[in-house]
Structures are given as structure tokens and as C-alpha cells.
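Quick one: the structure is below, questions incoming.
For clarity, chains are labelled A, B, C, D, E and F in written order, and residue numbers in each chain start from 1.
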């Protein structure tokens, strides 16, 4: 089977890192096809950039000409999943939701540890809409930006562990979700330091996408995710940077 | 004071109709400046189109070079308000929320009567995120598309009245919100037929925007709506239709 | 237009202060008519006194013989708004709700900073019933009584700023509502010290009342706020002090 | 032990009927002392009248000079219980809450069947504030006014049974609460016709009051229900009818 | 009347202590019949043991051959109440729910102070399902195991007081529920040290059971608690220890 | 990998049918080991039987001596998952939750169609505790008992389709979950008749268990699901039938 994995950032090295994490999680016989949006921000950290990413990913997926069995939107707390679901019959899996629904099988409450303080409300809002917030103990910020995550792995792990421990002790979380596509690969280090299960959204999403495909399940077209109606439409393209 | 009123559809005649409704509601001395997005759908009726609209409106507002005191996003149940709030210091008012918060001053529960069945979840989701759903009795569809609304006013009023009466009698609503920017001007007819107060979102938003400006209140920049951080960014522009 | 502004306390100097705040917020052409209840407490700080105030305000409004276009109940977290809505066709606006619905246009979460610890549950209950609590980060007490507020403005501002800062930093509020009619006029000082928007309920209520009137909206009479049915009734009057 | 049972209506015959129901439910050795408010409505059916009742009951209880161990407020969906709790150390039991908390021991969901449609929101609001609404299947109106209840017992039972059956079959209730102090004594007839347990609020309240007294439990004075602070206060008395 | 009081632990001395507490709370003429389960854990402190207790209590009650008017399940936060309700027509009262519904008559919010940290989610889940969590301020652990409670009364009271004070000051509770059947008799000491009402679940359950019986109320058999259907069934018995 | 699949009923033919469904869903290399409980009901349809099943499955799993990587509890709306999680380090997946979390990836709202009316509250309660009820449109009963499901496949499909269509049209579900382990294999027929995706809980659970194992994720042992503490314990065994 073939799964499109859409980075929400325009940074190609992040696309590659996400693809690598997806491949590490994929079953034998699953091909991961990474996609980078043609416009938007080099790192998505807020609503304006997130909306840009939603549209850029939609257009990139519409323009992709190959066959595929599922799509993963690899941004944490980002807008856009519902639009992809309208455009496609194949399942669409958002990594925020994938991490949450996976974590709920492992403990009574879970927390998300993410990047900047300003992105917390976005993640909380996405979990609320997804109906996955009832068992969310907290969403916590490490204080590191998306791009900083890549630059200093040691400092990143340290910050993630610090907030994870607080989530477990103060917020009563029993599972930690790594709240950024760029944190893929850090789960093992955080698990070792905290002693609780750590869920990486990209790995979780790959597994869920594979499961949906293997069960032959597709997006319901009966109402919310019916295809857009035929009408006059001007699509956006990359403009000035 | 000057208020930008952004249509979410690319149809210029709708922009004009919305502007007219806004002007009818505006206080003396308030100038209404209508904006039409450069890309997206001629009528927004679903998530894919709504995300396009969110981004098209954001870019249109960024490109607008004049001065203004507030922005109204004149789409019902649409994405995008949060992005505008990051970009701007002046208040941003969404008509979905404006209608709801206004209706809550007039009765114990309110209902929204809108266009197509498929758009109900979008409106419900927007009200949930806005924290305005606790007193929402129902969101009901008239079955008419956005473009049909304009073509046959009699049939439109008939459909709106039919669903409004059901909302009042079956769902126990006491106030009706007209759930589409294109329904501006129909409030009086529905009120007469149903006997309950009817709120038009555009008028409500103009009043709220004026109020916020007159109180000197601006968008909080302390966290969620802080300005986007400086970074590499490719902005979208209108592409092929 | 003429707006009745009802103080909930029997202290005439507070009525005057509230009226002044209302006038400062009112548009040109809006006349503010202050009302002081004939019985009840000199300062309302609890349920017993709040119920007295509810009834005293109702009777005072019933007894008022002039014309008016809207009524504002200028007590924070007080009972009584629903009774006035039954008695009147013109809109009734409670300052607790006015502050909250206004704050929700300015940030992701808001907090209320009020007087005594014991009044917090009253405010929380009013926000819950009004359907405006989903985005309330916290209600915090300054520890000052209603009457103390007037006596030492410096100490009052200091206490309000202290709790506002905690609300922003610990409870993640992005907007502050001043939780007492007697705090009118302190918004600017708190805004300067905290850097977040500060909403005064009296000013917010005046603006909302003006908006409702200008849109021609009245209280729904279809169910909850239908006029009291004709029946044997003994009205209360001021008794012994 | 002695329990004050406060009617919320000014109709003395109703006070007597409620007292009789309370005595029928009381344990040996429990004395029931009925109280009729000095002002307010002959039958309470809405917010304005309910606020009057709240204050009239408070003042009547304050004026009562004998000893007593608990107070029951015998109005369904009425305001005022919190004010009494501030005034008194002895337990205060509202019949709306007593019926609900009792019903929850008997079935998975309960419904309330009451008088007029317009009073439904009052009951729903009281249950919400009391934290007892999660297992409330519905609140339904018989369409009979408080005074009609007394006039035609047969018609009353018929209307109650009709709505109770709908509550069980359509709303999935498993227990019925009789939603009016004036329905005392009708529980057996409704139970026989519907086959589900039927709870009378007055009987439930007497039992709960007796239980609290026998356990030596009193109202918490630590915060919300602390006694009113000493201050200037003008109490209301009965005025013109 | 006769009330069966089922200990959930297999420790006979705890059965006796619970029976003693029940008798102290019972009215004259109420006979308390204690039951100890034939299998399960000597002290129940987690889900596995709680499920064992649920079944052991069910079987013990089924095997009890005498007459009785009500059953109390005397375990805090334990599974099993619904099963007993299916088996029996007489009322079944769980002490977790009895304590909570009693506490709600005494203050605006209540907290539960219990044994080990690991049992908190069980209690929270039981309160959620019972529809009694809306006014629960917190569930706190003393850190003492069930068996330790009995061994050192002084240390137990000290730990309970410490957490109760935190519940009142930090979580804003106004009433404390003692969250373990084995804490019966400690209410007075905690009340004296904290100044807030303290509810013992066993006493509360006895009073509620008595009340239900005296009102002639039985478990609704219309749906959820209908008797098990006749079918092939192998019942469990005590096996190896 | 090896997955234990525990039937909750004592009927061996059902164990076989469930195992067959599990094998059909399993990936190559996954071995399905079915388990039948030693005591309990031949078909579980209520709380009493469900508690028996919970304990019987726990004991059966404890007694199973082989190696395995995950456990599936194949009863819809049954008690017991939390107890297994305490006993084991390997993941435990309940089919009620598996179906729900899977359905949420395919549509905006899902419904469950199950057997008897009396089991609806059990399923609703399980979904509430699991934090998966926010997007549940309804739980509907086909009116068929567990054993009837097997006897007449045509009638079963007809009943399931009838309720599924109602769920989609009246309750606005977009996905259907088959709410009984014994409905495995009927998903295709229901999907064809209704046009919406249909999720079988056994297949969903197998996929989720496989995913958790392949990601190396285990049950969190930090609090709620810590192993039972060492203590005196009498385990139950099968007794008389």
C-alpha cells in the first residue's frame, strides 16, 4: 500500500525527517510518499501559518498524480484535515488525533508536550473538535520552536522530559504524546527518562492509516465529507516569498 | 470609523449585498469597506472551500493598504477568524459568533437556520470552539444552496420560516439566527412569520465591531493571537480557475 | 435612546459612579437613567443580598414611569436578569454577561477579577447559566469588599493587577473582565500594568444595549420570558432597615 | 425534630396541602411547621414570581421565631435556596434537588413532569446549577397551571401519565419526578399507570432533611454560604396587592 | 426494616467496623445485617480487586436467604452497584454516591479524601457515571492503604486533615467526603480540625436506604435494571487463595 | 505476534466465530488465540452478566500460561478492561473502544447499533468513561438478543440496516459501529445497504492491538494500571450452573 505523508511546513529537511519516521513505523510493503507544500511557512507555529498550511497541503495533494491508499497530515494541532476528507475517498489521518487515540489505549489520561506556548490553544482546539479531549490531562509547551528542535537534540530531550515529568506528576498524565511532527524519533529517550509510554504521532498515524486501509474502510461521503459541489473556483498557487 | 467587511465567496454581487447589509446596520460615521477574496469558491459550502476562503481573506486583508479600525469576516461557519486575529491588532469579528452572542441576550436558547445540510457540522464546530454552543438549541438546514438564496426570495423565506418554526416548536429555540451572509435582509420577513426575534449576523457583527472600537478594545497579543514570528514564508496568490 | 441602568446596591454614590461610567461609554444621543433600589443591601456580596437586589431592581423598574429602550442590570454575578426579561419587551443586559461576551472577541480565554472570595461561586454560576463559561479561564478574588474598592484606589488597582497577572500567567487568560460594577474606570490602569485588554462590564453592557436597540431587537416572548400571567400578587416594598 | 416547610406561593390552601404531604412522609417525632410567604404570587410560574418567592421565603424564615432543625423550600425549579443557606446553619433542602438526587438511586435516567411549558427552563437551570442534570432525561410540561392541578385531579393524573409515558418511551427515563409542590399525593396514581418509580419532591426533601439532621450535618460556612456580612440593609415587607 | 451492608473486602474485622458505623447511623428499628464476600481481596485498592469484589458481593447477596429491604455496597469507588440493581427489587445504595449526593446539600463543592493515589481514577469514574461529578472539586489521596487506616488512627487523622485542608483551600471544596468504608468514625475528628462538614459514606448510605424504603421506592425495572434474562449461567465460587 | 482474544460469553461457538473474525482481520504473522471464560453467562446482556464476564475473563487470562503480545476483550459495552490492564503489561484493547476510535477517523459522528434496548446504557457508559462519546450520535438497539443474532442472519441484517438508516438520517451519524462481538462478518452487508462505512469492533481491535505491539507500546504502570499490590486474595472458580 502507498501512503502520502504531508509535511505542513515548507522545509524540505523536515519532510525528509518525517518521511524517515513514517518509514520506520510502516509495515513491510507500505510505501511512504512524502509531500512538501508549495507555499506557506518554513515552520508552522500559529493560526495564520496553520491555515496557509491547510490550503497548501490540500492543493499539493490535489496536484499529486499518483495512486495512494491513505493520506497523513503530519502537523500537530493544524487546521485542514476536514478539507482533505472532502477531496478524497481514501482515509485521512491527522497526527494530533492519531497520537491521542493511541495514547488512550495505554493509560487513564494523556498529556501532549509540544513546542511554543502560543500553539497550545491550537492543539486543545483540535482535540476538542476531534472529540478526544475528555481524557487529555494537559497540553504543555517545551518553549522550543519547531526549528530549534532540530538544532540541539540534547536540549530538546531535556525540555521534553522536564515537561513530561510535570505532566505525569502535576497533571496526572499516564502517557505522553510528542506534540510536533519534528519530534519523531525522540520517543525512546523520553520514555526512558520518564518511565511512561510515549507516543509519536507520525508512527501512530502510519499504523492507523494502515489499519483503515487493511479493513477496507474509507471516508464517509454521506454528509460532512461529501465531495465539494461543482462550482466556479480559483485555486491558489505559490506567490511571492 | 472604518470597518473592512470580507466576503468569503469570490462572487462580487454577494460582496455588494453584504456591504449593503453592513451599511444599513452601521452607525452614522462608520464607513464599510467591502473586500472580495482573490481566489477560492464562488460560494463557500464545505470545508475545502472554507479553508480556501480563510486563506484568501487573510491575504486580501494583508494586501489592503488603507487604514481601518476593525474587520468582519462575513461567512457563516467558516474557518479563518483566528488567523486574522494574529495578523491584526484591530478587533476581528466573525458573523457566526456575532449572531450567536447577540441572540443569547434575547432568549433562553437560539437556533441557526442555514443553507445545506452538509454545512451544519461546520457551524456546530465553530460555535463549539467559540464557547457559544451551550445555549444553541439546533442548527437547521433550509436545503437551499448559497446561490439559490439569491435567485428566489419567496422560496427562500418560505424555507427559512419552515425550519425556524420547527426550531421554535421542536427544538425549543426562542431566537433565530440567519445562518448565511447571503440571508442579510431577510430577518424582518422571518420575524413576522414566526413571532420570535431574528438576528442577522452581518448586522450583529457591525454593531459588535463598532462597540469594540468605541471602547478602545483590541485583540490580546499575549499568547494565542501574538503576531506570526518572522520566518521564511511563501504567500499564495490566485492561480488557475 | 434612553437606557435605564440599575444599581443593585442601595448606595446612592455607587449609582452615581455607575451612571458616570455608563455615560462615558454611551454614544451621542444615548441618555443614561440611573436607578437605585428602594430596599436591599448597601453593597451586595452574597446570595441573600443578591436575591434582595434582584427583587428590588425588578420593583424599581416596574415603578419607573418614563419611557426607555433598554435596561442594564449593573451588578456582577447577581440574580435577577430573567425576571426583568419577563416584565419587559425592551432588551435587558446583565453586566456579567456583557463583559464575558465582549471579552470572548478579544482573546482565547478570559478571567474575571472580582471582590471577595465568597462571591466567586455566584459569578461562576451566572456564567454557567448564561452559557458563557466554556472560555472562562478563572474567576479570581482581589480580597477587597465592594465598599473598600471606592476608598483606596491605589490599593484596589494593586490588588486587581496582582490577580490579573496570575490569571494571565497561571490560568492562561488573555483578557481580564473587571468583576464589579464599582470597578468602572479602573480598566485603563489594569490594562497598562498587565498588557492585556481589560473589559469593564458597564461599558460593555451600554454598548450591547445600544446595539440591540439599534437593530430593533427585543426580548423573545415565546416561552421563557413571556409576561407573567395575570394572578393574585402582593408586591414587596421597603420595610425596616 | 422540627422542620420548616416553606411554600413559595401565597395561597394558604397550598401551604396546607404541602404540609400534609410532608407530614405523611415524616418520621415519627418529626414536626412539620408550614410557612406561607407574606408577599409574592398566589402561584409561582416564572422567573419574576420565583424571585419574589425567593425573597419572601427568606424574609418569612428570618422572621420565624421558633426553633427548627432544617428548612425545606417547597417550590419546584425556584430561586432562593442559596440565600437561605447563607442565613442559616441548619440544612436547607430544595424539593427540585431532593427529587432528582432521590430518583438517581432508582434508575439510570430520570425525567421531571411539571406544569407549564414556560417553567421548563427554570427547572433545567436549577438542575444544572445543582450538578444534578447529567442523568436528567428530560423535563416535560403537562400544560396545566399550578392552580389547575388542584381543581381537577382526574385530568391532572391523565396529563401526568401521558407525559410520563412519553418520558419513559421517547426520552428513555426510568424514574419520574413530579415537578410541582402541588402534585404531592399523585405519585401512587402515576406509578400504577406507568410502572416506573415516581418521586414526590416534598416527601424526598423531608427524608433528606431528616437524614442530614440525624447525622448532625450542617451547612458549610467556609465560603459560599458564610453568613451575610454586617452592613446597612433595608428589608422588604408586603406592600400593595 | 432490615438493611444488608456488604463489605467489599474479605477482611471480617472490616465488615464488623462497617456494620458498627452503619448501626450508629441507623434509625431505631433498622436492623443492619453485614455481609463479607466469599472471595476477592482482603482490601480492595484497584480495578482488578474491585471487579472481584463486585462479583463476590453479587454472589453473596444472591446466596443470602433472609428477607431485607435494601442493600448498601460499602466500598468507595468500587464496581458492581448496577449488577445488584438488576438482581434485586429493593433499593441498592453505593456509599460513594451516597456521600456525594449528601455533601451536595451542604456546600457549593465537595472533595473526596481517600487512600492511595492509584484509586483516584476509580472514584472519579464512579462519580462521573453516577452523574455526581459536576460539583466535585477534587479527589485526593492520603497515601495510606486501606489496611494502614486501621493500624494508626492518629496518623490517619493527620493525613486526612492535611488533604482536607488542601481540598478546602486549593481546590475550593466546602465539604469533605471520607473516601473509604474503613474511615467510618473519623468524620468528627476531621470536622473539628477543618471546620467544614464531613460526610461518612456508610452513614449517608444508611440514611438514604432508610429514606427510600420509608417512601416505598424500589429500583426501576423498565430497562437498565430489568432482571437478568433466563439463560445458561455458571456462577463462580471461592477457589484457591 | 500472538494476540489473546477473550470472548465474554461462555458459548464456545461464539468464541470460534469471534476468533474467525479476528483471524480474517489479522496481518500475516499474527496468531489469534481465543479464550472462553470458565464461568458466567452463555450470552452477556446486562450488568450482572457483564460483571461476571469481567471477572471470568480476568481469571482466564491469568490462568493462560503461554506467551502473548496483546489481549482483546471481545464484548461490546462490557466491564473489565481496566482490571486486565492492571494484571498485564501488554496492551489490552476493548472492542467497544476500538470500534469507536476507528469510526471517528471516517466521519463526523458515529452510531452504534447493538442488540437489546437494555444494553444501551452499558455501551453509553463505557464510551463516556473511555472519553469517546463526544462524537457518538446515538446507540441504537436492533431488538435482537445475542443468541438470536446467530440464528437468523437475514433477519439480523434487516434489523441492523433499519436502525443504521435511522441513525444516519435521524441522528446524523456518518459511520456505523456493529455493537456486538457476534455481529462480526455482517459489516459488508450493512455497508452495502446503507452506503456508509461500517466498523466491526473485533477487526478494529485486532488492528489496534497489532499497531500498539508494532510500535512497542505497553500499558502505563505509573498509576491507574499499576499491578495489584501483594495481599491476601481468594480467586473465584467456576461453581454450579
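General remarks:
Basically, contacts are C-beta pairs under 8 Å (C-beta built on N, C-alpha and C of every residue); 3 or more make two chains touch, one makes a residue touch a chain.
Only a predicted model underlies this, so the values are computations on that prediction, with no experimental measurement involved.
Chain centres computed from CA atoms place C at the largest separation from chain F. Although chain E and chain F carry the same sequence, what matters here is overlap: shared residue numbers make up over half of all numbers found at their interface. Rotation relating chain C to chain E, from a C-alpha superposition: 120°, rounded in steps of 5.
The mean-CA centres of chain D and chain F are about 44 angstrom from one another, to the nearest whole unit. Here the CA centre of chain C is 52 Å from the CA centre of chain F. Residue numbers of chain B whose C-beta contacts span two or more other chains: 108, 121, 172, 223-225.
Contact residues on chain B toward chain C in their complex (touch as defined above): 25, 27, 91-93, 97, 101-102, 104-108, 130-135, 168, 172, 174-175, 195-197, 199-200, 203-204, 207-208, 210-212, 214-215, 217-225. Listing the residues of chain E that touch chain F in their complex gives 10, 38-43, 45-52, 54-56, 58, 79-80, 82-87, 117-118, 120-122, 125, 128-129, 145, 223-226, 228-229, 231-241.
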